[in-house]
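Both complexes below contain chain A, partnered by chain B and then by chain C.
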Partner chain A sequence: MFSWSTIVENLPYLLQATRFTLLVSGLGMGLGLVMGMVLCVARLSPIRWISRIAALYVSFFRGVPLLVQLLLAYYFLPSIGIDIPPLWAAVCSIGLCAAAYIAEILRGALIAVPHGQAEAAAALGMHPFTIWKRILIPQALKISMPSLVNELIMLVKVSSLVSAVGIVELTRMSQSISAATFRPLEIYIAAAAIYLVINLALAGLGQALEKRLDY
Partner chain B sequence: MTSENASSVEITALGKYYNNFHALKNINLSIPAGKVTCLIGPSGSGKSTLLRCINFLEEYQEGAVEIDGQVIGLEAVGGRKMSARRLREMRRSIGMVFQQFNLWPHMTAQQNVAEALVQVQGLSKAEAARKAVAALEKVGLGDKTESFPNRLSGGQQQRVAIARAVAMEPKLMLFDEPTSALDPELVGEVLTVIKDLASEGMTMVIVTHEMGFAAHVADQVAFLEAGELVSCAPPAEIFRNPSDARIKAFLETYHARNQF
Partner chain C sequence: MDIDLFVQYGPMLLRGLLNTVLCWIVGAAGGIALGFVIAVAMYYGPRPLRYVLRGYIEVIRGTPFLIQLFILYYGGPNIGLRLDPVPAGILGLIIYGSPYYAEIFRAGLQAVPRGMIEAGRAMAMSEGKILRRITLPILMVSSVPPLTNFSIILTKETAILSIVTVPELLYQVQTMSAETFAYMEAMFALALFYWGFVEVISWAGRKLEHKTNAFLSKELSA
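On to the complex of A and B.
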């Protein structure tokens, strides 16, 4: 028998854990977006060593599984005397990893803007900074929006990995409650619904943004 | 027309390389103020490259392009590259129109025209908008000011692009095959706009495959082949009485292609 009461009784715990899911993925997104933009600019930099470092960064953070990065941050940082709480280690890992993907998404979008767009502006005597701000970035944002939203949704889902460093977020909490109540079906359905709501909201936000950028 | 609102261009011993490829070879060409110069020649002969050297969208390695006596792109003939700021200043008075229009798709026609007026000339938004509308009216698009480029025909897009350049009140206009990307029935409207501008006494350099147009509006026609300037002469001479066998051959293939 499907037990609604199990869901209702445990919902407060699930929602409490959801706060950590939202916290970790939200802060991770913020960090990822800011770092991703910086990395993207660095990768496109005409100065060789800057673009090389950025490329190395991207290779590392895309090439090593996030779980391994999390465990590295969790065990490695304290071992060299940097003592940060697991929550911050988790946020940093997620954010730094997302930055690598976001940088590549943005770079791809910028490259997709035809060269003539910047050329027409340069021929009018426009400053390179203005060209980026007024011509290139608005077009790149529109191009990258679907992939960016995709990446952010992935990020919410992989945030369950941070339970490996002892943070009790939605997935970890669901496991505990399932074990205690012997009602895994109900609990995981509830957890799935919560993830779905978060990601539908993200997708909706993305769509609204896309519409605003439409022309 | 005085040289106050029309520039003259002096091209001397210009050489341009793409890596090892010698794209322009010792080009010498005078473009008088207020006159229309058409550049013609076979595909790949270097017409676009030469045009783009005039506003330094392409860097050149030998000789110089001087606009009103001022070398563009370099501090002096054979010297170091000029500062980006000086180059931008020089480009303010040079308009350019591209084969592919290169309108900014995220801006309306009016915003496309107003953008540089605000960002480069520092006009207020209201002032720029007024000037943009006036420029669009001049090219016959007074009713399309709020349209985005993807809602305009090719001919209309190219006229917006012309308005965008002309609104800056340039002293020199460069056109790179402005009608080559257009359906045949839209070519006329764009050529008419260019002809009207020419009659106002702006200096113009036009790369074109429209020989009839060149014969009609050009004060001089320059013929390029394989990176060399073969001849520069009044249109009557180039089209009726070409001195060089290469020009004759080019015109013959052109006529053959346009007969059916």
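On to the complex of A and C.
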């Protein structure tokens, strides 16, 4: 029988752990955005070796499963004497991986801004910095918004993998509860429902944001 | 790095690699088949069915693959579904991939030019024949690039199967490192391996795409 009471009783614990899911994915997204911008600029750099290195970074972090990256960071950091809490190691892993995807999203968006606009601005005597600030970045941001929201939703989902390195977020918490209650079906369905609500809310927010950016 | 280690554990690692490839190929093929059925049912089916399938797509795409695996593998026995790790992993991949594949096929179906279907009707082709001779061939060609793309993404998802004890590559490497304490080297080698694996598959995908595109442009110009 499907036991609703198991879900109701354990919901507070699940919701408490959900905060860490949001924390890991939110911080991961923040780090990913900052690193992603740097990578994007490096990727578009006219200096060959800089753009090569950025391309190599993107290819590595997109080619290796995130779970392997997490385990690598988990074993690698202590072995070179860096002793940071597992939570931060996990946030860094997720952020570094997200940066590779975000860099490509931003690069695609920058390329999609018609080239003539930057040329026109340059012809009007705008400073390159002003061109980036006034013309390229605002438009690239608008173009990339749907993909960035998608990436954030993706991060909420992949944040479940940090449970494998012992961080007690929603997935890890549901593992412990289902081991204690012998009710894996109910607990995991409840966890899935929480993830779904978060992601539907993010998707809705993204759509509202897109409407506001529409001019 | 200790090369002997990889020689000693060679057979075990090879078995892991075979399981990874098996799960990936069967999972992707099953996902494509299920996704195709869903897309066709959504396109031609009655409205209530469409709503149900839309709900299925949103739920699967909105939840983590790991949680889906847990529901299937640990929650399944509660409703009488007992699976060994490998079949559970393959079934999980099929379910996880199906909505993404369905969306690819749906977009492809919508992109079939209406005029061609109308032309088929004007030539007195039966609806079945239009589907077989016009819609499906166009759909197949236009879907190849996104299908390849998602199938490549799926190779990386196979690593997650290790958490539900599917003896695939990552699982075998973890077993090996637990026995030898060579975590660092093993994980590093594994990362490099996956990197190369995905790059090779991407390269093959681009080749395939190039081939279908060449065929497409030839067909259109003829």
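By definition in this document, the second predicted complex is superposed on the first by the 215 of 215 C-alpha atoms of A that agree within 3 Å, B and C clash if a C-alpha of one lies under 4 Å from a C-alpha of the other, contacts with A are read in each partner's own complex, and residues count from 1 in each chain.
The working rule: a contact is a pair of C-beta atoms (placed from the backbone, for glycine too) under 8 Å apart; a residue touches a chain by one contact, two chains touch by 3 or more.
Bear in mind that the values here come from a model prediction, so they are computed numbers and not experimental data.
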Superposed partners chain B and chain C on chain A - clash or fit: fit
Which superposed partner A:His127 touches (first chain B, second chain C, both, neither): first
Chain B versus chain C as contact partner of A:Leu66, first or second or both or neither: second
Residue contacts on chain A - larger count, chain B or chain C: C
Partner chain in contact with A:Gly116 - chain B first, chain C second, else both or neither: first
Contacts of A:Ser5 with chain B and chain C, given as first, second, both or neither: neither
Superposed arrangement, angle subtended at the Cα centre of chain A by chain B and chain C, nearest 10 degrees: 100
Minimum C-alpha spacing, chains overlaid - chain B and chain C, in Å: 25
Overlap of chain C and chain B interfaces on chain A (superposed complexes): none
Sites on chain B touched by chain A in the complex: 55, 57, 84, 88-92, 94-96, 98, 100, 102-107, 115-116, 119-120, 148, 150, 161, 164-165, 168
In the complex, chain A residues that touch chain B: 114, 116-117, 119-128, 130, 134-135, 138-139, 142, 213, 215
Of all residues in chain A, those that touch chain C in their complex: 59-60, 62-69, 71-72, 75-76, 79, 153, 156-161, 163-164, 171, 174-175, 178, 183-186, 188-189, 191-192, 195-196, 199-200
Residues of chain C touching chain A in the complex: 58-59, 62-68, 70-71, 74-76, 78-79, 156-160, 162-163, 170, 174, 183-184, 187-188, 190-191, 194-195, 197-199
